[in-house]
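Read through the structures below before going on.
In the two assemblies presented below, subunit A is common to both, partnered first by subunit B and then by subunit C.
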Partner chain A sequence: MEAFEHIAIALAQMILIAACSPLVTGVIQKLKARLQCRSGASVVQPYHDLMKLLRKGTVQSDTASGMFRVLPALVLAATLVAATLVPAVWVPEDRAAAQLPLGDAIVLTGLLALARFLTAIGALDAGGAFGGMGASREMTVGVLVEPVLMLVVFSVALAGGTTDLGRLATHRLAVPSFHAPDLLALLAMLVLLLAETGRIPVDNPDTHLELTMLHEGMLLEHSGPGLACMVLAGHLKQLVMISLVAAIFLPIGLATQLAPYAIALALAAFAAKVLVLSVFLALVESSYAKLRFFRLPQFLGVGFVTGFLALSLRIL
Partner chain B sequence: MADLAERLGRLLGGRIAVTTGPRGADLTFALHRRDDLPAAAAELTGRAEMSLATVVATDELSSPDRDLKMRYVFEPADPVRKRPADRFVTLQVSVDPDRPEVPSISSLVPAANWHEREARDLLGIAPVGHPDPRSLVLHDGWPAGLHPLRKAFDGAQTVARVPAEEFPHLVVEGEGVFEIPVGPIHAGIIEPGHFRFSAVGDTVLNLDARLFYTHRGLEKRIEGMSVIDGFHVAERLCGVCSVAHGLGFCEAVEQIAGVTVAPRAQLVRTIALELERLYNHVGDIGNICAGASYHYGTSAGARLKEALQRLNERLSGNRFLRGWLIPGGVQRDIADDVIRVIETVLASTEAQLADLGHQIDSNPSVVDRFEGTGVLPRQAALHLATTGVTARASGIDRDARRDHPHGAFAAFPGIKLAVATAETADVNARRKVRAAEASESIRLVRVLLARLEPGALTVALPELPTPGKIGLAVTESPRGASIHWLRLDPRGRVERYHVRSASYANWPAVPIAALTAIVPDFPLVNKSFELCYACTDR
Partner chain C sequence: MSGGFASGALASLLAARWPRLAIRLGHLGVLVGAIAGGATAIDVLADPSAPALRIELPRLMPLAQLALRVDSLSAFFLLVISLVAAAAAIYGPAYLEAHGAMGRGRAGAHVLALGVFVGSMSLLCCAGDALSFLVLWEAMTLASYALVVSETHRDENVHAGLLYIVMAHIGTALIAFVFVTLAELGNGTDFDVLRTAGHGLPDGVRSGLFFAAFAGFGVKAGVVPLHVWLPHAHPAAPSHVSALMSGVMLKVAVYGMLRFAFDLLAPGGSPLPASWGWTVLALGTLSAVIGVLYALQQHDLKRLLAFHSVENVGIILMGSGLAMLLVHRGDSANRLATLALAAALLHTLNHASFKGLLFLGAGAVVCRTHVRNLEDLGGLARRMPWTSGLFLLGAVAISALPPLNGFVSEWMTFQALLGGGSQVGGGGGLFSVFAASMLALTGGLAAACFVKAFGATFLGRPRSVHAEAAIEVPRSMICGMLGLALACVALGVVPGYAMALLDGPTSSLVGGPGASAVVTARGPLVLSSVGGAGFGAAIFMPAIAILCVALGIAAWIMRAWPRRPARRSAPTWTCGFTPTSRFDYSATAFAKPLRLIFALLYRPRRQVERENPDSPYIIKRMRYHGDVVDLAETAVYHRFQNAITSVAGAIRARSTGRIHGYIGYVLITLLIVLLLFGKA
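== the complex of A and B ==
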C-alpha cells in the first residue's frame, strides 16, 4: 500500500466524519425531542446554526489576549487531526503493509486532551467567571476520564498486540471476542462516551443555566466564527468518540478493500452503528437527571474500575 | 386579645391608643412615642407569638396629622394553635417629617429588614440602627434625597442619573475564595436579578442577592387612579399571580366600600384562584426538573401547564387569567358547557401529574438531586416570616385560604382546605408540597363547580366610599400570602396602595437555603422556590 494512498484515505475519513458530525448531533437532538414528546428541530438544524455563526461578527472580552481568537481554530484543528486516526469506514487489509502510524490510540488520546486543554485556556483567557468555572469543572472531569480511555485502549491493545486503532479493528474483525474483559471495556467505554460527549448525566448540552455548565460554560465568551469552530469541534469530538467505540467494539462491516460495493457496505454499517450509539445517548439523556457535580467522581469511577478490571483480567 | 392591649399599655406606660381596624376583628395600636416601637414589636413577636405580615409607610403631610406614618402589621405566627387566626395587629408610628427617623426593629424582627430599607428608599424614613444600611429598591445612579413615594414627588418626571460607586456587596475574603457574579442579565430568558456568590471551588460560602431591577414604581403609578384602572395595574404586578393580586385589590376595595360580592361571583373568583395555583404548581414542578436537567419531567410539566393555560384562555380570554375579575364581582361567567371542558382537563391533569410524580419518585438519579438540596431550616423560615410553599415545606402550617379566609373560603365556610406541609425543607419537600397542593386545587375546583348556582355576577360599588378607611386583604397566591393594603382618597381614587407579595417575603430565604448547596445546584434551589421578581420589585 502506498503511503500516499493511506494518507488520502485517512483524510477522506476525516472529511466524512467532519461533514457528518453536525448531522449526528441533529439526529440525537431529534431523538431526544421525540422521546420527550416534542416535535423538535430538523436534524439539519446544527448546520444552520453553524452557517449562522460563520456569518456573524466576533465580540471579544476586553481582558482576552490575542491568543483568544486563534484558540478556536487550534481546538478545531486538534479535533480534526484526531478524526483522521479513527477507522470509521476503511482499515488496511494487510496489517504489515500499513507502515504509517495513522491511527495510534495514544496519539488520539493526546489530541483530545490537547483540544480540552486549549478550550480551557481560552475560557480562562476571556476572564469571565463562568469560563473559569467551566474550565475548572471540565479539567476535573478530564482528569477522571482520560485514565479510563487509556485503560480501555490498553486492555484491547494487549489482545491485539498493537495500539494502532486500524490494526486493532482488523484484529477484532478477524478474531471476534466477547469475553469478560471485552464486555467490561465496553461498559467503561460507554461511561466514557457520556462524559466525553458532554451529555447527561455528566453535563447538559441544552442548558441555559450558567451556573450548572461544564463545556458550555467554556464557550460563553466565544462568538461568531470562533464559536462556530468550537461548536463544530464539539460535534466532531462526539462523532470521533462514537466512531472509536464502534471501531473497537463493533468493527463489523469495515471495508478492507477500496471496491465500491465494500465501501458502500461499510458506509451503511457505519451509519447503523452511529445510529445505535446515538439512540443510546438520547435514551440516557431523556431518562436520567444530571448528576450532582460532586457525585461525578463516583460515576466516572465506575468507568475507571471496569476499565481497570478489563485490563487486569486481560493480563491475568 | 383585650389582654394584649392591656399588656402593651402597661409595658409602654400607657403611651398608646387602641382602636379596632382596619377590619372588624383587627386591632391598631398607635404609639405616642416612636422610641417605644422596638419594645412593642418585641412583645408582639415574643409573648404574643405574632409574625410580621407587612409594613406600610405613608406620606400624610396633607392630612391633619401633617406627618409620615409607619404601620407594622402583625399576624398570628401559629394560626393552628392561636385563635382567632384571622386577626391583624397594627403598630402605628407617627414620623416627624423634619426628622424622618424610626428606630429599626430588624435586629429583633428579621422579617422587617427589606420593609425598613424600602421605606427609607421610597419615602425617606430612615431606620436608625438597621444592621444593613445599603439601598434596596433604588439602584446606583438615583439621586440621594429623592423619594418617589412622597406625595410631593411628581411621578411623571424624568430623573437624571448621578455618578455612583459600585454597589457594596458583602465580600468574603480568604485564600482560594473567589466571587462569581451572576446576572442581572442571564443566559436564559428569565427575570433580572444579580447574585454574587463567594465560593471556594464549587462550595458556596455566601450569597448576596440584589433584586429590584424591575422596579416600575407601580405603587406610585396607581395613586390617583380610579379603582377600576387601579385594578388593572394590580393584576399586572406580575405575570403569574394575576388572580391573587387582582382578588386582593378587589377585596380591599370591597371592604372599603362595604359591599358583599354575590355568591356565584365568589365561587367563580375562587375557581380562578385555584386554576392559577394549579397551572403555576404544575409548571413549577416541571421547572424544578429543568433545574436538575431531568428532561422528561421538564417536558411533561410544560405540556401539562400548556393544557391548563389553554383552558385559562377559554375561560377568561387570557392565558394568565387576566381580566376575569373586576371590583364588585367577575366579568365573565362559566357557561355550563365549559364546565365539562374544565372537568376533562382536570381529570387528565390529575392523572398525568400523578404519573409525573411517580416517574420522579422512582428515578433515583432525580431524587438524589432533590433530596437534601437547598435546606431552609424551620427557624429561619419562621424568622423571615416566609409564606406559601416555602414556609409549608419547612414545616410551618400556614395558608391564607384557611387562616385569612377570602373568596369562597370566606363566603362558604363549608369548603374546607387540607393544608399540605413537609418537614425535610429541601427541594424535594417543596416539590412534594406543590404536587399535594395541585391535587388539592383540582379537588377544590370540583367542589366549587358543584356549588355553582345561577345568580348575579357583580354588585355595584358606591360612588364615594368612606374616606380614610383602610382596606386590608390577604389572598393565597401560588407563592404564598399576598397582603394588600389600600386607602382611597375622598374622591374615591387610590391614595396609597401597598402590596407585600409572597415572593417579597420569601426572597430573603433563598440565600439561606443556597448555603447548603454547591454552586451548580443553585439554579435547582432557586427553581424550587420559584419566586417572582416582578411582584417583589413592583
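== the complex of A and C ==
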C-alpha cells in the first residue's frame, strides 16, 4: 500500500507543478515588464491564453500526416511524467526501502528529450521552412545541453551515491555542502536553465521572427487545443527545470512526513525557491541580448567546462 | 536447426528454375531454422545450471574432432540471431519480389547465400573448436560478400564488396593467428584445450593475443578506426540482409570478443589485465561518438543506419570494457561487472531488434520508391502509414528515449559507468564518468539524426516523383517489422523479464549470482543498480510507460474540452508563396548547424556555382554540392592505399620481363636467406 501512496503523492506533485506552471511564466513576464518599466500583463494572463486556445478550432496544414494531431498530447504527456519525478514538495525519508521507485534523473532527462524529439517531428510534419529551421536549431541545442546536464547530474550523484532525485535531495538535506564542486555544478546548471527554459540569451520566448526563434518556430503550425497542449508543455518544462535546480541544490524545506504543518512549510519554501529562480531568469533576460546562434556552443561550452571541473574536483 | 537452413538452401538450388518458388522455399527454410535456433537458445538459457549442450560431429577430417557446444553465452547470441533472422525471413520474399530484378539463377544464388549466411552465423556461436569456428567464420564472410555484391549493376556495390572482403580477411587472418597460437600451445583445437592453454599464459603473451583477437573481431564489428568498410557494404546488400548484417553479424564479432576476453584467454578466476578494459572502453566511447556524428551527415538512408551500427557497437563495447575492468576485483566490483555486462548484452539484443526494424523500414521505403537519398524522399507518412509508424517507433528506440528498449540498456550502461567511476576513483573514475557524459552526447546526436532521417523521409511533401507514387508495402513485410517492433516495446516496458535470459551468460563469464540477482533484485518490474561504493538507483519502467499512455489519453481528451474543436485544413503558410516541396527544410539543411559546430572533425567540402549571366546581382540558377568525408578513410586508409600503390609501382618498374633479371633476383634472395639462416 505504501508504494501506491508514494505514486499517488508523485501524481499530486505533478498536478501541483502543472497547475502552477503557467503562473510561473506569468510571474516572470510581469517581473520582466517591471524591469523594463512597463506595467505588463497580469500574472494570470497565461491561464487566459490557455483557456482561449482550448476554446478555439484548429487549422491543420494539408501536408501534415495523421500523427500531427496526436503529437501535442504525447509531448504534454511526456513532460507531465517528467514532472512526477521531481521532488518539489515532498520526499520520502528512505526511498531505498520497499517502496516502488518511479524514475531517476536519467529518466527525467530522457522524458524531456522525448518531448523535444516529438515536438521536432511535429514541426517537420507540416513541411514549412520555419518548422524545419526551428526543429533543426532546437535539436542542435539539445545535443549541446544533454551532455552538460548529465555532467552536472553525475557530479551531484557521485556525492549522493545515487541518481535518484529523492534520495539526492534527502542526502543534501542531511549533509548540506557548499564546496567548490557544488558551486561549480550550480553555475553550470544555471547556464543550462537558461537554455532549457528557452530564454535569452539562448532563445527568445516572445518572438516569432524567423531569425531568432527556436522553440516558437516549431509551434507555428499548431493551433487551437493542440497549441494549448504544446504551450502548457512549455510552461511545464520550465517549472520542471526550476524545480530540478531547487531539488538538487537547495532542498531546504522539503517535507518528509505527510503532516499538514510540514506540507505547508514545504509549499512556502517551494514558492520562495521558484520565485528566486524566476527573478534570476527575468534579470538575465532583461539585461542580456540574445546570442547569435553559432555563439551558443561557446556559451554552453562554459557550462560544459564548469560541469567537468565540478566532476573532476569531486572525483579526484 | 541447421536442417532448416540447409534444406532451405538446397530447396532453393533445386528450384532455381522457378525464382518465386526458390525465394519462398529458401526463406521458409531460414524461418524454420531460426525458430529451431531460438527454441534451442531459450531451452539452454532457461536453465543456467545445466551443463552446456555438446554435440560431437563425426570425424570428417583426420586433423581434428569437430564439435558444437551450446553454453549460455552461445545461446544468448543464438537467440539474438534467431530473432532478426525470423523477422527477415518473413519480410524477405515480398521484398525481393517487389524490388524486382531477380533473374532465374540469381534468385536461387541469392537465397542459397542467405541460407549459408544465417546458418553459418547461428552455428558459429555454437562452435566448440577452433577449426569449425574459423570455417564458419569464413563461410559467413563469403556468404555476406555474395549478398553485398548481389546487385552488381551498381558500380559502388562492387567497390564496397571489394573493400569488405579485403578488410574482413585481414581480420580473419588475425583471428586465425590467435587460434593457431593457442592450438600450438595446447596441442589441440577444442575450446576446452585452448582454454587450459590460455589460462597458463604469461601476461605479455596473453595481452598480445587479446589485442590481436580484438583487432580481428573489431574489423567485423566496425570499431573505429576499423569501420570504414561497414558504411559502404551494409547498405549495398538487399535491405533484409542489411538488417541481418547490421543487426546480427556485428554481434557475432562481439560474441567472439567476449568469448576470448572472458573465456579462452582469461586467467581463470583472477582479474583481467587492466589495459584490456581501458582500451575497449576508450575505443567503445570513440566509436559511439564518431559513429553517430558521421551518421548525422549522411544523405543515404541506409548508410545513415549503417553508421548508427558503429555507434551502437561502441555502446556495447563500453559496457563490455567496463565489465572487463571490474571482473574478479572484489565482491562489489563484481556486481558492477555483472551490471555492465548485462547492459552490454541487453543492448546487443535491443540493437538487433531496433536496427533490424529500422533497416526493414528503410527497405520498405526503398522497395516502393527505389530511392535512398533523403533529399528525394518526403511525404511518405501519408502514403505508407504502417511503415512510417513502425519506423518512428524504431527511431524513438534507437535514440534511447523512454519508454522503449534503447533507453533501458543505456540507463544500465549509465549506472554501470557511474558506479564504476565511484568504485575506481581517480583519473580512471573520471574517465569512466566522462564516458557516461559522452554517452549522453551520443543519445542527443542520435535523436537529432533520427528527427532528420524520419522527417526527411516521411514528413513534409514528396520531393520526387518516386516518393509521390509510393504505396504501402505488402502485409508480410509489415508483419516482419511488427514482430521486431513488439520486441522493442516489450524490452522497453518490462525489461525485467529479459534479465532472466542474461543470468546464464553473466554468471558464467563474470561469476557471482548473475544479472537478475543484481538488476532485478526488487522483483521483475523494478530495475535497480546497487553496485560499488553503495552507488545505486532504481527505475520502474512499466509505471513510466503506463503514465505516458494514460496522460497522453488524458491530454487527448482535454483537447476536445470544453467543446469539440472545429477542424479545418489549409495549406502551410509560406509567406504568401504557393507552397511547393522546395519549401521543405532539407536533410542537409537540418544537419547544417551541427556540421558547422563539429566542422573540425567533418572537414566539410562545399562547392557553390552561380549562374548570373546578366548581372552579378541577379542569379539565374545555383548549384550546390557539399559532402562530408570520413576522416578515418582519408587520413588513414587512403595514405595506406597510396603507400601500397607506390610500392607496387616500384616493383613493376623493376619487373623488366627478361628472364635473366628474375633469375638474378632469385639468386640474390637465396644468398640472403643462406647468409641469415644457413649457419645453424
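The rule is short, and it goes like this: the second predicted complex is superposed on the first by the 311 of 316 C-alpha atoms of A that agree within 3 Å, B and C clash if a C-alpha of one lies under 4 Å from a C-alpha of the other, contacts with A are read in each partner's own complex, and residues count from 1 in each chain.
Keep in mind that, in the parts below, a residue touches a chain if its C-beta (ideal position, glycine included) is under 8 Å from a C-beta of that chain, and two chains touch if they have at least 3 such contacts.
This structure is a prediction, so every number in the text was calculated from the model and none was measured.
Look at A:S287: by the touch rule set out above, it reaches subunit B but stays clear of subunit C. In the superposition on chain A, A:V81 contacts subunit C only, with no contact to subunit B.
Of the two partner chains, subunit B is the only one touched by A:T207; subunit C is not. Which of subunit B and subunit C touches more residues of subunit A: that partner is C. In the superposition on chain A, A:D62 makes contact with subunit C only, while subunit B stays out of contact range.
When the two structures are aligned on the shared chain, A:T163 is found in touch with subunit C, with no touch to subunit B. In the superposed pair of complexes, A:G224 makes contact with subunit C only, with no contact to subunit B. Applying the stated contact rule after C-alpha superposition, one finds that A:A129 touches each of subunit B and subunit C. Contact with subunit B, but none with subunit C, is seen for A:K32 once the two complexes are overlaid on the shared chain. Touch criterion met: A:M139 reaches subunit C, while subunit B stays clear of it.
Taken together, the two complexes place residues 129-130, 132-133, 136-137, 220, 293-294 of subunit A in contact with subunit B and also with subunit C. Subunit A contributes residues 7, 54-63, 65-67, 70, 72-74, 76-78, 80-81, 84, 96, 98, 100-104, 106-107, 109-111, 113-114, 116-117, 120-121, 124-133, 135-137, 139-140, 142-151, 154, 157-158, 161-164, 167, 220-221, 224-226, 228-229, 293-294, 297, 308, 311-312, 315-316 to its touches with subunit C in the complex.
Those residues of subunit B lying in contact with subunit A across their complex are 178-182, 186-189, 201-202, 289, 291-296, 298-300, 303, 363, 365-366, 368-369, 373, 518-523. Within the complex formed with subunit B, the subunit A residues making contact are 32, 35-38, 129-130, 132-133, 136-137, 200-201, 204, 206-212, 220, 285-295. Residues 378-379, 381-382, 385, 388-389, 392, 396, 399-402, 407, 411, 414-415, 418, 421-422, 425-427, 429-430, 433-434, 436-438, 440-441, 443-445, 447-448, 450-452, 454-456, 458-461, 522, 526, 528, 533-540, 543-544, 547-556, 558-563, 565-574, 579, 581, 583-585, 589-594, 596-597 of subunit C touch subunit A in their complex.
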